[in-house]
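Everything on this sheet refers to the single structure shown next.
Chain lettering (A, B, C and D) follows the sequence in which the chains are written, and residue indices restart at 1 in each chain.
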Amino acid sequence: MFNTFGTIFRLTSFGESHGAGIGGVIDGCPAGLLLDEEFIQAELDKRKPGNAQAGLAGTTRKEADQVKFLSGVYEGRTTGTPLAFFVENSNQKSGDYAKLAETYRPGHADRAYDEKYGFRDPRGGGRSSARETVARVVGGAVAQLYLKKQGINIVAYTEALDGIYAKDFGDFSLETCEKRLFFAPNDEVISHWQERIEEVRRELDTHGGVVSIEAHGVPAGLGEPVFQKLDAYLSYALMGVGAVKAVEIGAGTLAAVSRGSQNNDTMYYEGGKLCYMSNNAGGIEGGISNGQPILLKAYVKPIPSVAKEQKTVSKQGENVNLSIGGRHDICAIPRIVPVLKAMTAMTLMDMFLLQKRMDNHPMDNCMGKGNNF
Amino acid sequence: MFNTFGTIFRLTSFGESHGAGIGGVIDGCPAGLLLDEEFIQAELDKRKPGNAQAGLAGTTRKEADQVKFLSGVYEGRTTGTPLAFFVENSNQKSGDYAKLAETYRPGHADRAYDEKYGFRDPRGGGRSSARETVARVVGGAVAQLYLKKQGINIVAYTEALDGIYAKDFGDFSLETCEKRLFFAPNDEVISHWQERIEEVRRELDTHGGVVSIEAHGVPAGLGEPVFQKLDAYLSYALMGVGAVKAVEIGAGTLAAVSRGSQNNDTMYYEGGKLCYMSNNAGGIEGGISNGQPILLKAYVKPIPSVAKEQKTVSKQGENVNLSIGGRHDICAIPRIVPVLKAMTAMTLMDMFLLQKRMDNHPMDNCMGKGNNF
Amino acid sequence: MFNTFGTIFRLTSFGESHGAGIGGVIDGCPAGLLLDEEFIQAELDKRKPGNAQAGLAGTTRKEADQVKFLSGVYEGRTTGTPLAFFVENSNQKSGDYAKLAETYRPGHADRAYDEKYGFRDPRGGGRSSARETVARVVGGAVAQLYLKKQGINIVAYTEALDGIYAKDFGDFSLETCEKRLFFAPNDEVISHWQERIEEVRRELDTHGGVVSIEAHGVPAGLGEPVFQKLDAYLSYALMGVGAVKAVEIGAGTLAAVSRGSQNNDTMYYEGGKLCYMSNNAGGIEGGISNGQPILLKAYVKPIPSVAKEQKTVSKQGENVNLSIGGRHDICAIPRIVPVLKAMTAMTLMDMFLLQKRMDNHPMDNCMGKGNNF
Amino acid sequence: MFNTFGTIFRLTSFGESHGAGIGGVIDGCPAGLLLDEEFIQAELDKRKPGNAQAGLAGTTRKEADQVKFLSGVYEGRTTGTPLAFFVENSNQKSGDYAKLAETYRPGHADRAYDEKYGFRDPRGGGRSSARETVARVVGGAVAQLYLKKQGINIVAYTEALDGIYAKDFGDFSLETCEKRLFFAPNDEVISHWQERIEEVRRELDTHGGVVSIEAHGVPAGLGEPVFQKLDAYLSYALMGVGAVKAVEIGAGTLAAVSRGSQNNDTMYYEGGKLCYMSNNAGGIEGGISNGQPILLKAYVKPIPSVAKEQKTVSKQGENVNLSIGGRHDICAIPRIVPVLKAMTAMTLMDMFLLQKRMDNHPMDNCMGKGNNF
């Protein structure tokens, strides 16, 4: 298995959903960074089941999810040595899952697992459990602490739920979106989403949605021209989160139906400052950041565990009917929002460390500025 | 710069669009593979400017693009040692580009390059040139030779041009699509696309489109549950091709507006065989292939070099007007189609070698089948 | 910092000598392996200060060093998911080190650290402390559990202390060496070593020695012909342990003064079995294991912390005199012996997983056996 | 197979001893470096069979070995894009080797190859041929061009041949050693070596020796404290060269028989400058360079191909007698000297790029200097 993300800023994630807990080791984090544990815990709380933002879409499970650091911190600052952390599990009702051991849940990796490993952990999917994302959120929170120092801020919010787009109900005020129910970008859409969620729940079904992630203050020059392009790396990071089925940058799918003359982001100088009239590129051209905000969208599929009865098969090869009760979310959103934010943060952090080093390096292949010798 | 793709099956690409040529080294290719140079050249010919499939969308430039292998082959078979190859450049008209040295072309990486490197090669973009993809197509062709032996076949075709979808004009016959103009999936759409291209060309503009890539015969079990998920890796591969702004797997963006009960791919047994009633997952669940065909879509932006006059800026900081003549394509499609096919092939090849090794390995972390000791 | 060892079987080590403890995450360990915690603890106990084998050479410090696994184990067997473990620190007397904060100890990395980081942790060297090797010993013990299943056994013993070679006093009985004082290969040498150690201690000095590591049952075929040669990888592993200043394979330094006709390991067939008349190659030819036992030697320098007064400098730039009391070992041997054994085990494990996969893989570049297609 | 060396400055080597030629791709070389092809060719000429330095120890084969760059150079300077190069083979007498196809040469990898691959290329060993080192020497020469700019100079010379040490005959003048026969460090030893070589040749035998490599001007701070230690990495690089059986740093094997009080390199201040009274550490403490010259020794075994008749076995399993005529060297030295120099250069280059970036990076884990925030 591969459980490490990143090349310079590396998160190695460990733990199972029904074991002692979930943890990770962050290697490559700069020394001297003030490790604001309150901020880290706050990010973690955003993905907690039944947290404020989850509202009606959330599960009714409650988890403590207190992060504890085991190494790499001295007098509140990082020492440059590996940051190890651990989040204890609580409230494990393996029983809830036991009856699923012999059935392949549609839309889940159950069968793929049996094909691949010859066995699987029915207790919430082991490593494939969404609970593993606890480690990612902690890693992303540490990355954000560093990026903020560089003036890079990442905001993530819910763009649409079950086809209902927030933009159709009011303007966005992103600075407050993470405090809103569902991480909504405005207040107006919330009631519409709540109604729809109630409706879907009554239908014993689940629904999907769209999440937007924006990174502001990213300097121009991050990313490599051939492989390790910034947009490619970000796609890898976001598509690597369960339930995401499509990723787009800037205009994304719309770029495919626009013309060059409209899609190009026209540049002009105003007061000696270079400006862009649009950001269809989403802040990345030729795989390299151009200084504009980086705009990403992730399309999230419905939770496959539906209460409504479905046809499926058993491990033994019979056709069976299945209806999944449990205490499941009916949408991966909003709990997936902080996870997508974290993956974006770790990706930018990794690229930033790589490029920043290069920028500071005379004669470097990634820095020709004044290679006059 | 990072110019290597892959972990086990690794392509290291080199060369510039206006240097001696483009080449690459493939390390990690199994020994004993019959190196069908005709097939490789045929794949390469598909991305050639002015090739049959390009039709009216193609540029009028002509290039020889003959691949020559420098090592790793003995009596027509691979020896397991690195396969080095080289494709000489011809017909370099640097003059065509000289006048662009001082101007930032909208939609290009020109400014990002200057920000990053402090200089750039105006002669067609150096490494950022689409010409670099020559090496990828050769790498992908070698990968396909191996995958075919495993019963894995990849087909790539044009789904839509400038919003005109082939499916609206007739059924698909994929086995012949690579022989058709524009790699069209049916005959009916071709004339509609030709008309539209003529129209766009008359308007001195450019357009985008959508490319589909399908991989048939992929065994279940490819991909890792946490990081190195198959869908994440494929997104990295496709988004890493210039002009691609969105990538989707299976139902993709549509999954975000569907319900769990529709989106789940229902399984049932028929004649002792496990069947699926749909493939919204696009052959990948939980990051692992499930044995169904892998379905990918790449959304391609319009070529940014438009003949129509655009506002932009000069390197020196003035606002200028620019109209780009040259001999440019007006759409990255269809020339990008074999490139996307090649990236998919190299990704599957790399994953296959990794997993295949694991499958054959008792007690392996990626193969628990009968770990009875 | 880089805190990960290995490519497939990967140990990521974390923790500080004076923090909460030392731990690690092992990723890539095969599933289904019986995790014999008694064996792992026994290996760990061998490097414990004041352990039986340390005898008079050991420090008088006592540490608990109980290993605790946090993930990756289910009903006593590995699940293929990351194995995280933690060993709590105890008995931290930072005070002992405080007075050293301003002085550069000769033979230590103190000055190099200040040059590199601008600061250092005087409390026993932080990550550079020998205590970090706790994680390596656990990783090596897990590797040994797997290798034993493959019939590969590793034995490590003390070849010489302060120039006194065990071979001059009696034959070796390696099966019992790990039970003997100083991991001595025979009983006869022990009293001679004890006398010498007493003498060196009276002289307020320290001494070095030579450690031998042998791996029996290693199949032929491990290692790559160009880079990632098995002998190169083993050298990296052993030279990466503090205090080791030279590494040799087989005849090693003696090969430089012998003739081809003597140094070559003559092969002959006896009873249809291929035999070697010698093992000057130490089991590795052309970077690849040849099926003979792998023979390694590590030359260990004296502990630089001597009680005898030495001239040195202060961080502030004055010349000062220093004599180091503390509770230090006077020789890195025997405590380094289980660490070198562990590094050898992890290296062979990593190579074995890589090659084993290849051996089982038809058409693999590392396996041409019957490439008849 | 793995044919890439390095992490940031990466050489991917390709080609066979009896194919079209040997080549490589250098990725990660800084832009703007003046590519002095004369220097590169001069380094390459040093490993040429029958070159001046080889003297009587050399083979009588003659090879052109002209290096030709295929990419990455523009107007004589590196562009930061991959540097690809090719050296054509000439004078291939496969016939010379044909008769060896069925015999396992003692001391060669023949049998290990058959065990590993099931087949081998008898024509000079394919990738295992010393001819592959052509690519390493070119890579090392490019690295040296960069390192010289940083004030880092590497010198390599023959310390001893068949037990005859140069230091017993006169003082060293290293600045001229690469111009002397056998890369001798003084003139006095040359005649003694010549006599001995003649003697060994008359005895139809071969001999070994010792090579020293010194790197001057290496700044303090290169290397990582836990894994990726500078001494570990250099050992990997040198032990990865065929025929090397032992590697030592500084006092090396002698450190094992010295006392802490002698082995420690005493520091003192003179005229405000920190000085060392010795360099037993060989410039590396705790895995990190300390600013002193880096001192390395490689112990080289005798060439296994001896003209004298030896006992060995055939692939078919009979005991046979073998005497190898051919046009073989009778010692890997001096031809191995520029190869060991090149490996040292590439290792330092790779580490330097990594660390230099870090040194320039505020808040970096490898650079705490003034982490005052």
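Please note the rule applied: a contact is a pair of C-beta atoms (placed from the backbone, for glycine too) under 8 Å apart; a residue touches a chain by one contact, two chains touch by 3 or more.
Please read all numbers here as calculations on a predicted model, not as lab measurements.
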{"item": "Chain of greatest Cα-centre distance to chain A", "value": "D"}
{"item": "Result of counting contacting C-beta pairs for B-D and C-D, higher pair", "value": "C-D"}
{"item": "Separation of mean Cα positions, chain D and chain A [Å, integer]", "value": "47"}
{"item": "Intercentroid distance (Cα basis), chain D paired with chain C, Å", "value": "26"}
{"item": "Computed distance of Cα centres, chain D from chain B, in Å", "value": "40"}
{"item": "Chain A residues counted as touching two or more neighbouring chains", "value": "1-4, 13, 28, 31, 80, 117, 126-127, 365-368, 371"}
{"item": "Chain C residues touching chain A - in the complex, by the definition given at the top", "value": "1-4, 10, 12-16, 19-21, 23, 25, 27-28, 31, 70-72, 74, 79-84, 86, 117, 121, 126-127"}
{"item": "In the complex with chain D, residue positions of chain C that touch it", "value": "1-5, 13, 104, 106-109, 111-113, 115-119, 125, 127-128, 132, 160, 162-163, 200, 203, 205-210, 219-221, 224-229, 231-240, 242, 245-253, 255-261, 263-269, 272, 274, 280-282, 285-291, 299-306, 308, 310-313, 317-319, 330, 355, 365-371"}
